[in-house]
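Here is the structure we will look at.
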Amino acid sequence: MPGFVAQRLLYLVPVLLAVSLLTFLIASLLPGDLAYVILGDQATPDKVAALRHDMGLDQPIWWRYLSWLGNVLQGDFGRSFRTGQTVLQAVMERLPVSLELMLLAQLGALAIGIPLAIACAVRSGSAFDRFMTGSAFSMLSVPAFLSAILLIYLFAVELRWLPATGYVPFSEDPVGNLRCFLLPALTLALGEWPVLMRVLRSDMIATLQEDYIAMARAKGLKPSRILLVHALKPSSLTLVTVTGINIGRLIGGTVIVESIFALPGIGRLLLGAIFTRDLIILQGVVLFVACGYVLMNFVVDMLYAVLDPRIRHGHA
Amino acid sequence: MATLELDIDEQVVAAPIRKTRRLGLLFWAAIGWIVFVFAVAIFAGVLPLADPTAMDMLERRQPPSMQHWLGTDGLGRDELARLIHGARISLVVGLCAPMIGITIGGALGMLAGYFRGRFETLVVGSMDVLLAFPPLILALAVTAYLGQSLPNLTLILGVLGIPAFMRVARATTLSLARREFVIAAQALGATHARILLRELLPNVFLPLFAFFLLGVAVTIVVEGALSFLGLGVPPPISSWGSMIGEGRESLEIAPRLAFIPAVTMFLTVLSFNLVGDTLRALTDPRQGAL
Amino acid sequence: MSDPVLLSVEGVAVDLPTPRGNLRAVDQVDLRIGAGRTLGVVGESGCGKTMLSRAILQLLPRKARLSGRVMFDGQDLVRLEPEQLRKLRGRSIAVVFQDPMTSLNPVLTIGTQLIETLQEHLELGALAAKKRSAELLAAVGIPAPEQRLMQYPHQLSGGMRQRVAIAIALSCEPKLLIADEPTTALDVTVQAQILDLLAREQRRRHMAMILITHDLGVVAGRTDEVAVMYAGRVVERAPTPELFKRMRMPYTEALLAAIPKIDAAPHTPLPAISGRPPDPTRPIQGCSFSPRCRYAASRCFREKPLLADADRLDHQYACFHPIQVAAGICA
């Protein structure tokens, strides 16, 4: 196990470096000069040149990358030239919202996907199974912004049960906070559960044919124990992998959902930066999100090892 | 153990046979819908449609009528015309972007899978870096710098698809490269180019094509999301995503403005997914072995 | 047999629907076993012996159809409610599967897999169950049982895993143990140890045992009675010493001849049984062994021989042209 962790940790270093390089290159090589953006279109060439010199934009690119990387490693991601807020402040302020949204969405997706997958696997080939598999397949073709609109229309416009937009901090009003998150989280969960369900279902069907399941039945164990312990645990390995792969999609979905439901999270920060051409914030947020994504995948890898003793003991 | 005694769970054997037969109707319905959307999009200029950008402030959010079959949107523009012109955008981006992916990703994957070695490590490594970004975030960031336009959008979404196509091509090539017909060709002294183009490409192409169709579905969705956020093709050009985005504003008064493009988009994405998934199941070597 | 009958299988047939048609895996089998006795079931791969064991346990695949009666301790297992059946399994009837690599759950510890059985059937507290698990492991010859409880199956060798599987099977003192080819997947050196362990525990606990194998040599010294199966049917049945002294069915003879002999001259070709077992989805008219039988005559291809009593009371075989005892092994 320690060897496994160390090996994975070592792999993180080049990936994170490459991510920072790519983020930097996107910001530096693509058109859109920061000095022009700050000064506006009417700026004189002299003023632009002066500002470029002040910001170090006239330095060679590798030098700019290294000094930027050095700052980043010291926790200095830069400062918005529009609001004066540092990137780190802005991100930290909004991070809890995005994390809460993703966590609730993931829990929702698991809550829908796991029971359905088990029910389908137990009765594979039945009418119920075929109906649910078909529904899951159709749901895969419904992007987050479609289900968001549908949910808003149903629960906010027609039934008026839940607010369509808005945000209340958890510390002020926990119930109101959860009510705000219900529709956004459900939107994301609706996109996630079919993926989880399909994978877990086919894995469970294969697992249920294993000898050790016949053995568990021959031991006279309760059906619930056979399904939830003997079958679900070995089947959940791919579920974890898929959850990991899906984090990317989930982050993308978070941006869209935060924008639709007006939640002040990282996604809104990113979109706001794009619309106001706040390039420093944009660069910082992209780097932050990409690194967060890499780290989340790392955590998922670790989870894999926790679940499968064969990997933990280095037999894989 | 005995091949006969227990392990024949007849379901496993019977399922693929039954599935192809049952999916038949749905499969052809999906093909029909795709053909229909294509035809309408191609002949949009010839069809007797209103100008999709002509506003009429007196005719805002009109219900469907003889003059406007699907009514008008919040700026009095003909909804049907916008829907059909939106189909053009979705299809152009949806087809061209995966085309970039299948060409570059497919070539890289085949070369990596065939030559292996340091080249493979390099290709796989650089793709890993591209995959280290959540796709939508990368698309948003690059759009922000490059500026919104149809070619830019296509290019970005195309590049984002390269890693996935590379993986499929590499995996298929790896499994094929050790098969008899390739070894036989090598033994006969065929050049690398000949083996890659004549022996491997025909076999790699089908799985890649099935994946291409799934890629079309994903691209239409991502383009829709970007346009929905106002970061896709610039207005006044209509796209399904931007129509849904605009329709959201009038969800209480005229939900149809959001739901018509939403349903159209859902059906199109579902059709591509359905056809792609069926083809993938047919070309999957693991299934073929049964 | 003096002991009361514990299990009696009466006219059991198992049908499996397959894409190629109905597959009759077990065909009208009658067997009985007394308490504390051992029965060997011998046959080639695919002869239906594993299906038979699963039919006794009511653990057939979902689509399989079972007919006949399985009387255990006065109850017909076929008609039992699932909940009652569950209370019998693991408690009164236990099973050891063929392959210990696949029959233990890879993601649960040995301890969990032992303790859950004990707690399910014998209302034991956590500590008592753990203590008893360690005792059981020690009883099946596993050193350092306390440490083993915390380990996962992949950390044990194949023989050790089969010992664990046996410990699980023995844990609730069952009345009947079904050992389904318990040594086929193991190294030759370990096979005898496992078989001896099973025989020892069987005698010590006075439980009945059904030993399923493809190897006549395995049942020779370890069972009271032997049933030979071919193509889903029992084709010969006799007390073990009687069977080896006077086998009547040509198939049994062929099986015995297929066992390599230590005293044979080097490079003697092994007399394998020619041909293959019949396709069970295409029922054969006449004796199912006739295509491979060297004694087969025209009647064998037309008519199916029934399992009938021989001249001796407890010896039954299904053959029109049994091997003449005088011309058999005794000669």
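As written, the chain order gives the labels A, B and C, with residue 1 at the start of each chain.
We adopt the following convention: contacts are C-beta pairs under 8 Å (C-beta built on N, C-alpha and C of every residue); 3 or more make two chains touch, one makes a residue touch a chain.
Note that the structure is predicted; figures quoted are calculated from it, not measured.
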Of all other chains, the one whose Cα centre sits farthest from chain A: C
Of A-C and A-B, pair with higher C-beta contact tally: A-B
Centroid distance [mean C-alpha coordinates] between chain C and chain B, Å: 55
Between chain B and chain A, distance of the C-alpha-averaged centres to the nearest whole Å: 22
Mean-CA-position distance for chain C and chain A (Å): 53
Overlap residues in chain B, where contacts from two or more other chains coincide: 9, 11
Chain C residues counted as touching two or more neighbouring chains: 54, 98-99
Of all residues in chain B, those that touch chain A in their complex: 9, 11, 15, 128-138, 140-147, 217, 221, 224-225, 228-231, 241, 244-245, 247-248, 251-252, 255, 258-259, 262, 265-266, 269-270, 273-274, 277
Chain A residues touching chain B - in the complex, by the definition given at the top: 15, 18-19, 22-23, 26-27, 30-32, 124-125, 137-138, 140-146, 149-150, 152-153, 157, 209, 247-249, 251-253, 255-256, 259-260, 270-271, 273-275, 277, 279, 282, 286, 289-290, 293-294
Chain C residues touching chain A - in the complex, by the definition given at the top: 54, 57, 59, 86-91, 94-95, 97-99, 102-108, 116-117, 120-121, 152, 154-155, 165, 168
Chain C partner contacts - residues on chain A that touch it in the complex: 210-212, 214-223, 225, 229-230, 233-234, 307-310, 313, 315
